[in-house]
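After the structure tokens below, expect a handful of questions from me.
All chains are identified by letter, namely A, B, C, D, E and F, in their written order; residue positions are counted from 1 within each chain.
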Amino acid sequence: MSKGIRFQQVGEKVETYFLIKSAVKGVASNGKPFLTLILSDHTGDIEAKLWGCSPEDEATFCSQVIVHLHGEVAEYRGRLQMKISSIRPTSAMDQVNIADFVRSAPLAPADMLDEITQAIFEMKNPNIQRITRHLLKKHQQAFLEVPAATKNHHEFVSGLAYHVVSMLKIAKSLADLYPTLDTDLLYAGIILHDLGKVRELSGPIDTSYTLEGKLIGHISIMVSEIAEAAKELAIEGEEVLVLQHLILSHHGKGEWGSPKVPVIREAEVLHMIDNIDAKMNMMDRALERVQPGDFSERVMAMDNRSFYKPAFHEPPLDF
Amino acid sequence: MSKGIRFQQVGEKVETYFLIKSAVKGVASNGKPFLTLILSDHTGDIEAKLWGCSPEDEATFCSQVIVHLHGEVAEYRGRLQMKISSIRPTSAMDQVNIADFVRSAPLAPADMLDEITQAIFEMKNPNIQRITRHLLKKHQQAFLEVPAATKNHHEFVSGLAYHVVSMLKIAKSLADLYPTLDTDLLYAGIILHDLGKVRELSGPIDTSYTLEGKLIGHISIMVSEIAEAAKELAIEGEEVLVLQHLILSHHGKGEWGSPKVPVIREAEVLHMIDNIDAKMNMMDRALERVQPGDFSERVMAMDNRSFYKPAFHEPPLDF
Amino acid sequence: MSKGIRFQQVGEKVETYFLIKSAVKGVASNGKPFLTLILSDHTGDIEAKLWGCSPEDEATFCSQVIVHLHGEVAEYRGRLQMKISSIRPTSAMDQVNIADFVRSAPLAPADMLDEITQAIFEMKNPNIQRITRHLLKKHQQAFLEVPAATKNHHEFVSGLAYHVVSMLKIAKSLADLYPTLDTDLLYAGIILHDLGKVRELSGPIDTSYTLEGKLIGHISIMVSEIAEAAKELAIEGEEVLVLQHLILSHHGKGEWGSPKVPVIREAEVLHMIDNIDAKMNMMDRALERVQPGDFSERVMAMDNRSFYKPAFHEPPLDF
Amino acid sequence: MSKGIRFQQVGEKVETYFLIKSAVKGVASNGKPFLTLILSDHTGDIEAKLWGCSPEDEATFCSQVIVHLHGEVAEYRGRLQMKISSIRPTSAMDQVNIADFVRSAPLAPADMLDEITQAIFEMKNPNIQRITRHLLKKHQQAFLEVPAATKNHHEFVSGLAYHVVSMLKIAKSLADLYPTLDTDLLYAGIILHDLGKVRELSGPIDTSYTLEGKLIGHISIMVSEIAEAAKELAIEGEEVLVLQHLILSHHGKGEWGSPKVPVIREAEVLHMIDNIDAKMNMMDRALERVQPGDFSERVMAMDNRSFYKPAFHEPPLDF
Amino acid sequence: MSKGIRFQQVGEKVETYFLIKSAVKGVASNGKPFLTLILSDHTGDIEAKLWGCSPEDEATFCSQVIVHLHGEVAEYRGRLQMKISSIRPTSAMDQVNIADFVRSAPLAPADMLDEITQAIFEMKNPNIQRITRHLLKKHQQAFLEVPAATKNHHEFVSGLAYHVVSMLKIAKSLADLYPTLDTDLLYAGIILHDLGKVRELSGPIDTSYTLEGKLIGHISIMVSEIAEAAKELAIEGEEVLVLQHLILSHHGKGEWGSPKVPVIREAEVLHMIDNIDAKMNMMDRALERVQPGDFSERVMAMDNRSFYKPAFHEPPLDF
Amino acid sequence: MSKGIRFQQVGEKVETYFLIKSAVKGVASNGKPFLTLILSDHTGDIEAKLWGCSPEDEATFCSQVIVHLHGEVAEYRGRLQMKISSIRPTSAMDQVNIADFVRSAPLAPADMLDEITQAIFEMKNPNIQRITRHLLKKHQQAFLEVPAATKNHHEFVSGLAYHVVSMLKIAKSLADLYPTLDTDLLYAGIILHDLGKVRELSGPIDTSYTLEGKLIGHISIMVSEIAEAAKELAIEGEEVLVLQHLILSHHGKGEWGSPKVPVIREAEVLHMIDNIDAKMNMMDRALERVQPGDFSERVMAMDNRSFYKPAFHEPPLDF
């Protein structure tokens, strides 16, 4: 298998397999139909246009089909685009497997689950511990598969679990520096903060928002789930309210989707840690193909900034 | 009983009973203690300063005590203030009763409950009807007593029920004009939209925010309650999501406390009706003591505007 | 005649007459000219592209020409588009009439005028009544024809009158609920609030902004007209100022075009009623072709929201 | 007569006459009444507190009374305040005259009128010239007396005329530098832009807003006046619209009170010139008593900034 | 040579030489490559599309090449575009010279330098004078060549010097009207305010931002340069701080790039003068090809406004 | 010595020594002067009012005087206040020492310097290392004494050094988690980011802003210092620009004082780390005297929020 689309530069010739992630039909200004394909492999994805496509093409090149393709990486309006020379659907003969074309977290689900379970194990407050364990267990399967978002950051299989594991590590460091932090609360907040995404998002592949996601959102979903869990577990302490507050306020502000601003120290810290890990992930993605001395593509979710890689930094890896 | 503090003008002499709603101690710039009293009767309240008070005064004139007072209505920095000539606590001899000093909605609780029950009775969608009836019944007692807010609008006993009844009337009128409106949904949204205030607010008198109100808020409280009600009633249709969306979005925007903007027509209408009734109530309060040709006190919750009563309008009633 | 373009779904074949509302020439990326046509019938309009058009085509297919067309309703970037199979101009033989292709209010102008005249008749304040009657009479002909806007809401022949009639109905309902409202003032404000549009807009068909509309705007136009009317009628009371204030403030805020915020109760109510009727109209338009369980096109003037039609609602009518 | 209150420093003893500009009663925290007096002479004004005043004092020391006073200039919360040692009302014996206590523009009204008349005389476009002359003549008396504002800038007798004369001078300079500017339009815009203040403000002394000023505002007043003038003079050219646009847009933005943004070059220039002269006036006022190396009082209308006088600048004049 | 592209109207046939300012390759929706050329002459520039270009075309028609072209001025989406009929590169035979295709300031560099030198000569404060002279001398060559910006205003050879000369003229006029202004400070501020652009911008032709420009910006560059100049000249007075403050604050606000708001009168005046000259330049550019009675293209840097040329103004010159 | 003012509760009687940090004279509403004193010990400070003070009192109780006091901790408008029973200045007899009344960082300056020196020692890039070492050495003495701010966070002796040491610890943790971070750059950014405060602030005690601080600010001061350091050390690499960018952008946005937004990953991380440590410090301060189940005073610099200490958290230490 090739080094992967995420690491290819403008001008490179490509002859390889791709999974079609989505295929949308358009009409060109010459009146002819074309397809906009999102092609993916295990490292990332790239857009391609299939001009002047026939009705057969439309039927053939649709979402979730694996294709073989000759082409060249080009650039269009500051974004990469695959210029297709030839394309064909694959058959059993090609011996390709859809699981090989999906981008996943760099850690195995079982390892991530171990880390999270360990954090729960360390909790001393039984109310917080029981609610967290209960909800993780309830949604464990989906939690280990779902991405953290449909785009922007951690938008890959197991992305949410990977985001949680990274946040737990930051939390541990901060707790060393600021010993008055309540780690029970902070770890529980981290583990649960985006767990509602298992209902907000459609699933690990070709992820979209569910109706529940659009009308209610993962924050309110999880607040209800905590209420329900507390009831089932017959827990009545203030911990329930405080945990709900952490979830509710973790976007930091009303205009960012939180109906309450953080008014508990651990809620503010949760918001900051979430922010750091999301931004680190976005900047790493933006810079990974950039040569020293160049600027990255613009990052929409970070005020549309373009990031600079200093000339004295290392060039991107070529694997 | 006198015509009531809400209808008295600057300069009027007063000799009557008041309930002390709150009493806060301060230190004057001459170093002596004083009390800031909020005095109320069945029509409203007024601030008063008790200068140079003794420790006995502090012990005597505290919240929920009924006093007899001689004084004069004055104005200080654009707000009314009672200037105290003499004040004394009451005894059994005075034959006064705390219930006579509390401002309430102009309709009786039973009548308001009838109106609301009728609206539920008219619903055709059984899922919406059952959830609404279930939640109203669950909180009925508190719902009929609680104010709609701690200040700004409908801040009196049974204020929430009165607000709901007024909103139902507006909704009926709009449904006549725009027949495609789903009245089941709209009525249910109106009845439930602020029901979470029975847990957000401390109660009908000297109302403050509960811890749950501060950390979670009435919107998220009610979204959880609907989830729980649906579970108990074994209702699974899309009505549950849609009802939750109406509650969630009824403040209209993230910065006003709604984590989702309205994306269902009835949700937008609910937000507009809530807005109209709250603003009508605030403007009526502001203008009720204003003479034709004068401006009202500033209304904080309406962009701090001061409202004008045209010279060709009627003077305030004198009852 | 067919059921009308407003009620046709993606994929439907069309063979019918249309009026060309506008025709704009462009150059395609293959260097060839094309025409962007807005085709309309009595129910609404749709965009179409005429690719590779000749100079003769440009001369033939221009604004206000009625054409006969074979095509298919398609979707492009979330908006409907007519895909043209064949198109020809009509001749006398076709026996088609431009009046049949224009979208109008659902009520007849005479009936709307009756309703408005009745509201004026009911006014008790002679100054308000005389100014309102004078200005309506002065602009009556244009008032009954002009749309309420060039796009967004009530953008059809007689749209303004229809908007006014709907607002009067809401006002009557609110006056029943809030009896202290001055209906003379409120009705007059409703009738006059957008009357300046008879000078701001170019006319009922293919409506654009006049120079006066662009430089001065309907709000300031009407304030001047009221001043002039009062002078002609020798009216000097405060009613003149108050009416001008209602017009001036009916957009609610400086950034929405009102140089003064509403400081009279009826001015605030006028603003809210205007808002309700405009939004109801926009949401109805957005949802009328949407199937239960689907989202509408985005509505620019409502924060670019896309509205959801619950699965338990009725499907659109098919007439 | 003394050098004037505007030029006195903290700590200076004062024995002189003042005009009471306003007198407002308050109640001190010891329960005793006091008066807040604004004392003025021909150079400016200063606040003073008259503590523990009797009912006779209240009747004696009211607005428009001239008093004789011993006191000392003090500073309270960063603002100057007159500390009163003794105060008495004046009688015929004192031989003082109210006209001597009023702050006026540094130029005589007749001279300012000459300058403005000259600008009108130079206009070449007869429509612009006639409208400007007509409106100036109509309001000439009040125009020469009224201040440009109740506070902030040019808040003295004839302040508006002085502001207009200064703006005309800037306009002449800019027209030399940018010869394509239409000076007819620009001069007319300058002369008329704030002329509506003769109806918005109550008069030259102790100026407040009229009801018309509060409900309509000087911008809309003048737009109506131009419409009326054009009608009386039977002028119908585009100049009328353009002049109205200049008035309408001279605050620059909706949130600053202009219902239209400037879309004519001279309208934009008018807005910039208005801005310069207002700000120069405010900064001069703020800095006139400041020693080199010190910061001024905060200027509310300039984002609450405090301005610094460099140590190498001249100290304030002492006359 | 023709009258220049800046003065040509839609529909005019063109047969002339142009310099290619930039050439960017794209892929059309028919899959074929095309070039987007910016063609310039000494009066301005225009966009053109070269459709269906071959690899040879791409190699031939690149930046800084002079071409001969037959075409027609067209309009596309409200902006002018050159429709190419034929295009060829030039050879020695054509006897064309790159210097003839570059737009420059209307004044000669030597004359502008004289004006600026005169302003420095007039300064009385030796510290201000020496720093200004030192920095101007240090960067004199680049200062006389660089534009004032890459787009928006004064975006031509020597644009910065021309901007400075215009600002000095406005400053002189204002100093006449407001005699307390410190002209030493104001002139120095004007001369130095954008001098950092000699390091922020790449040079006079095909100007882009340098890395230093992107990471640091001309404001901070010049603050450092003043610090360094003061050190070299052994100047220690407060003038250094004050000059740095003028540079630092000349964009007026944090969100416009100034880390400090102006708190010295001359700093505020510098900001206003900069604003006036930039806006006059932008409005003149926007209106120069507009016919009386028409609106200009939209001006991005002025809130995207489109400016109107009154019907009673002169039509554009035709040279 | 007592347990310290920072740990005393409302109602506690106090008999101890305090340093007067500032003394400001006011005039009470009874016309008598009073002093507002800020009293401090080694743990924090508290406001006190000295009513009815004589001229001798004013001369006696001024800044930097140590006093002996009997009083009681009270609360006024939600903030603590010392109610003075008696107060006297101290003499040699009291054997008190000003150094004992100053709040300092919890680490010794020498230890903090060691930590920072170690971070510099670990740098691999010689340009970054040399500039950082040079500037730290140049300002070492002041750096180890100055607070990080005049209020809000780390407002105590050596506060800046303590803030830097904490930030270095966070940086090390993040570098472990995100190994692509350039720690040379990040550590240098942390050490230098606020170093300009040694010129922006007046010194360690009773800290105020210098003129340079007000006109230029610590960000621009340090950018100039880096330029100067690079020149003295003859360093010319891109590291200079990049370091300057980190300093320039560390407030994150224009409206927060950064003329450039961060466009280098380490610059963004520097901004986030600065934010975390400042907020942790502010929340710890706010919560340290709060009992479980209570809310803290409002924290101005954190959107005026009041923070809640959950009932299941530990009560404050009592030392």
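Brief remarks on what is shown
Methods note: a contact is a pair of C-beta atoms (placed from the backbone, for glycine too) under 8 Å apart; a residue touches a chain by one contact, two chains touch by 3 or more.
Computed from a predicted model, the values in this text were never measured in an experiment.
The chains touching chain D as well as chain E are C, F. Annotation of chain B and chain E: jointly contacted by A, C, D, F, touch as defined at the top. Because chain C and chain D carry the same sequence, their contact can be compared by residue number, and over half of the numbers here are used by both. Inter-chain centre distance (chain B to chain C, centres taken as mean C-alpha positions): 39 Å. Distance between chain A and chain D, defined via averaged C-alpha coordinates, is recorded as 60 Å.
Chain E has its Cα centroid 44 Å from the Cα centroid of chain C.
For chain D, the set of residues that touch two or more other chains comprises 28-30, 211, 214-215, 238, 242, 263-264, 295, 308. Inter-chain contacts, as defined above, occur between A-B, A-C, A-E, A-F, B-C, B-D, B-F, C-D, C-E, D-E, D-F, E-F. Here chain F touches chain E in the complex through residues 211-212, 214-217, 219-220, 223-224, 227-228, 231, 238, 241-242, 244-245, 248, 253-260, 263-264, going by the rule given at the top. Put simply, chain F touches chain A in their complex at residues 125, 166, 169-170, 173-174, 176-178, 180, 182, 185, 237-239, 242, 261-265, 268-269, 272, 275-276, 279-280, 283-284, 287, 295, 302-303, 305-308, 310-313.
Across the complex, chain A is touched by residues 28-30, 32, 34, 49, 51-52, 74, 76-77, 83, 295, 308 of chain C.
Those residues of chain E that touch chain A in the complex are listed here as 26-31, 211, 214-215.
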